[in-house]
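Quick one: the structure is below, questions incoming.
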Amino acid sequence: MSERAVGHDGMSGRAVGHGARWVRTAHAEWTKLRTLHSTWWFLAALVLTMVAVSALTTGTLRAGDCAALRTCEEDTVKLSLTGVWVAQAVALLFGALAVSSEYGTGTIRTTLTAIPSRWRMLAAKAVVVGGLVAAAAAVGVFGSLYAGRELVLAAGFTPAAGYPAIGLGDGPTLRAAAGSFLYVVLVALLGLGLGTALRDTAGALTAGFLLLYGFPLVAALLTDPDWVEAAQRIAPASAGLSVLATRNLDALPIGPWAGLGVAAAWAGALLVVGWGVLRGRDV
Amino acid sequence: METDADAGTVQVKGLRKRFGSVTALDGLSFTLTPGQVTGFVGPNGAGKSTTLRIVLGLDAADDGEALIGGRPYRALSTPLQEVGALLDAGAVHPSRRGRDHLLWLAHSHRIPVRRVDEVLEQVGLASASRRRAGGYSLGMRQRLGIAAALLGDPPVLLLDEPVNGLDPEGIRWIRGFLKSLAREGRTVLVSSHLMSELEDSADHLVVIGRGRVIADTGVRELLAAASGDRVALRTSARTEAMTLLAAAGATVAATDRDALTVSGVNAEKVVQLLAGAGVPFSEVSAHRATLEEAYMELTGDALEFAAPPVTGTEAS
Amino acid sequence: MTTTQTPPAPPNPPVAPYRSTVVPPGRDGFPQLLRAEWTKLRTVRRWNLTLLGAVLLTILISLFAASSGKVETSGEKRGPAPTGPGGIQILDSFRYVHRSLPGDGTLTVRVDRLVGQGETRLSGWAKAGLLLKKSTAQGAPYAAVMVTPGHGVRFQHDFVHDTAGSEGDGVATARWLRLVRDGTRITGYESADGSGWQRVGSADVPGLDGTVQAGLFVTSPMVTRMERSFGAVSVDSRPARATAEFGQVAVSGTQGDWRHTGVGGRLPAGAGESEGAGTSTGTGGAFTVTGSGDIAPAVQDMDLGATSLSGTQLGLVLIAALGALFVTAEYRRGMIRTTFAASPRRGRVLVAKAAVVGAVTFVAGLVASVVSFVIGQPMLRANGHKPPQFAELHFTDGPVLRAVAGSGVLLALIAVLALGLGALLRRTAPAIATVVVLFVAPLVLVSILPLGLSRFLQQVTPVAGFAIQETRTRYGHVDSLCLPEDGCYPQGPWLGLGMLALYVAVVLALAVWRVRRRDV
């Protein structure tokens, strides 16, 4: 894509800078998403599934299930964020639909007529999709942790029993919160990459779900523990969500931040593949 | 309770339909009779497609009913053999071959497979029938949709915008084709938002706007009514001509330096008067409205989405 | 002239309405609908490929699971595992204080106490009571009446048969037990005070003919503690020893002296301590017996049948996509109008769609599971999953047939569920996502959530349907770990599949109701 640093603003005839053009593209993508009802439904669903599944999970927890609380290794922070496992499906859906639905309806032709630089179009989409998902994920993570804090206390995992209350201030909790927030955004970008590469909603979703859920499932099916660990280290969901852990980090197949890095690598790689397809193929 | 009198008719009685706050149909009534091509015309959003969907039992009317041969569509036991419909030419799965699309329709009514090939031949799609519908042009999809409507060889055909996307040859073909279908005694309804498309093919018109019937009339009657008896006159002696004609009881309006429009007397009388008084004139013509003009006159205030009139110096 | 009112209807020449002569009168009955939907399904190449992909993915993942792990043969050589009547693998280790019983006879005893030794808590299935056994060899036919710490009084015979007596803690208060032999018919009784007797159970045990051994026994299965953290389970099983005090021992018809025998060999590898070997003291009217082990069918942790069918868990994603697309693709293109115009009885159309997609996915699922099982089993054997630790599975075994055919049913139900959701939601993406969230997310979550919650999810989510893939037999009178990650569903195969079927029925009914009411 050859792109000159200075272009022309069609309406006013003024030369506009590189930055302004980026802003304009992002603005266009933002308007496109903002004016779709479904965008807001998806974001609401993202927050809702995350908080609801998290709360249901921690709500059914009973301290009595453990033989002795001190030896009960429940990671209350991780449990309070269980909803991320389900909410990632919504993030994937949102990311994939942001582009695959344009192929479905033919809007993509209009989009690329208005924004001929495909690289800029994809980047702007990534920024807007990522931003929207980030906002929803932040609300969801905070809500999950807040609900988790109350429910875990109610379940009897009290400071008196050796379980510190979940506080956003302490390091591991903060890492889990920030990590799950970033993870959800990465999944949305992964979906965007898949949608761009496959150009078809059903195909992108099937591939995405196999990647997010199928991979850990296959890992669990393996009987050789070394294989299991190896699979969990490279699966985007198992590796990325190792960031949820706040206790027993030694038992994790991969370190929290390294795991998030694996998820980021998947998202990045799929976006690159998507861009390659977008650039190389006729619309 | 099908009676012979009802056979092949489509009766639409007092249909009302609202979508949220938008009134799509507001007491729509008309009747279609066999042997005629009826044009179903109205601006975009007037309610044509909604009417067709209600007739086909796809949408439920809030009030009123639509009967095919005296029965509601949903009560028909073999609907494809009573009504053939084309709603949306794009409504084909793109990875399915054209012929397969007709095949499943045929199977749903146990219509013999040879009929599929017959209708494909009839609409001129036989050679492309084994290609995937996704690769069809809009015109080919229209033909496929028409083939689907013809599949059950029904006495009633309801076609929504069948001319869309057809090339000039295709348009000529469909006009002749619709007429021949009507001549066989079928009831044919063709909807369109362009009156000119119907000019040569329709016998009868149902014009709707804002969910109501504006006119339900024969094409010839509509044209005659719209034309009135206006006469266009070109003369170098404008003042004399105006005085003379006004004295004869006509209403005269100057439209240009040497042009007048006369109403109230017919062309023959104008010629007679001017010649008798020795007023020079170069051209006298009875003004004939086109169907388009008649339609614009009818629907002028029924436009749902009208563009504001163009202003500025270039527009005159 | 703006709104000209209609002039009187034009005088049309009366036209004879058209009557078709080229098309014979058709029918739109249900068979026609099925045929039309079948034509629709088979004429979209992408769907055929999806179906093929689902079959291949299922087989591939199943074989991958079957081939991925090897069983390390433990250093300690073991003889063949004991098998009981009917050839099933069993545990048969206990401390036995016994005499010979050549003919009919009666044994009566009062069990005063049953306690664990040391700090370990006893398993709920520790046993102390009266036992008739053909010989002291492992696997010999037997019948017994016993008290247990967790499950009251029981009458059991030949390992798999179990009858409950009175409820409650059989340990807290002394309890009288009686075992009566009449030929090969053995009857167990219990009493709270030694005078009023209630029958617990009775059985004809053909193996107990001629001279048998009769006496007191104590045994105590391993106590298992389990901890789960992310993706890893640590199971801590240790042998437990139970001690019982017997008083008021009264026997009739027996011969010879009391003999003290530790029935059963070594513990499974690694446990270190010999079971069965316990101690027993006392003569005549009172004994104190300490024992360890169990008298029960052996339960396997790993379900080899389900393992070789595990690809279904991933194949379902493609099957669900197909089921959803079969209806949402019509909505997306507007073809649903053509469909409903051709067949105005929309509920029937949806049912026909469900029947077609269900039948097709059933066949595909069946092919996939048969191939997976037939190829996967030898692979598992080759990797060391063989007798004695792992029982041989045959294609014609009841549970195997149930699992293999059930996998086909499972996939068919998933396809129909996806179809119903597709008709409800009318859009591809949310329909597929919902199925995935309903099935795949719980499948992943059950192995990382706390055990109680995992088991709850296994029972109430549609995932319950996977219970049909279980091939091991579970017994109510044996504790088993039943870990979700081992594919163990607490409710059993049929209840599980029933739960899924319930979901399908509700969703399909809602979808039918919705398409009938809504405009299209």
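The first chain written gets the first letter, and so on, giving A, B and C; residue counts start at 1 in each chain.
Heads up, the rule we're going with is that a residue touches a chain if its C-beta (ideal position, glycine included) is under 8 Å from a C-beta of that chain, and two chains touch if they have at least 3 such contacts.
It should be emphasised that the depicted structure is a prediction, and the values quoted were computed from it without experimental measurement.
Trainee: With centres defined from CA atoms, tell me which chain sits nearest the overall protein centre.
Mentor: Taking the mean of C-alpha atoms per chain, the most central one is A.
Trainee: Can you name the chain that lies farthest from chain C, using the mean of each chain's Cα atoms as its centre?
Mentor: B
Trainee: Between chain A and chain C, what's the gap in Å when you average each chain's C-alpha atoms?
Mentor: Chain A and chain C have C-alpha centres separated by 36 Å.
Trainee: If you average the CA atoms of chain B and of chain C, how many Å lie between those two points?
Mentor: Averaging C-alpha atoms per chain gives centres 66 Å apart.
Trainee: Could you state the distance in Å from the CA-based centre of chain A to that of chain B?
Mentor: Here chain A and chain B have centroids separated by 53 Å.
Trainee: What parts of chain B, by residue number, touch at least two of the other chains?
Mentor: Residues: none.
Trainee: Inside the complex, what are the residues of chain C that reach chain A?
Mentor: Chain C residues touching chain A: 61, 64-65, 68-71, 225, 227-232, 302, 307, 310, 313-314, 317-318, 321, 324-325, 332, 428-430, 432-433, 436-437, 440-441, 443-445, 447, 449-453, 456, 485.
Trainee: Chain C touches which residues of chain B in the complex?
Mentor: Interface residues on the chain B side: 7-9, 33-36, 53, 56-60, 73-74, 76-81, 83, 85, 87-88, 90-97, 100-101, 103-105, 107-112, 115, 118, 148, 152-155, 184-187, 204, 213-218, 221-222, 225-226, 228, 297-298, 300-301.
Trainee: What residues of chain C sit close enough to touch chain B in their complex?
Mentor: Touching chain B: residues 1-4, 6-7, 10, 12-13, 15-28, 32-33, 35-40, 43-46, 329-330, 333-335, 337-338, 340-345, 519-520 of chain C.
Trainee: Residue numbers of chain A touching chain C in their complex, please.
Mentor: Answer in residue numbers: 49, 57, 60-62, 65, 67, 71, 73-75, 78-79, 82, 85-86, 89-90, 92-93, 96-97, 101, 104, 201-202, 205-206, 209-210, 213-214, 216-224, 227-228, 232, 237-238, 242, 245, 247-248, 251-253.
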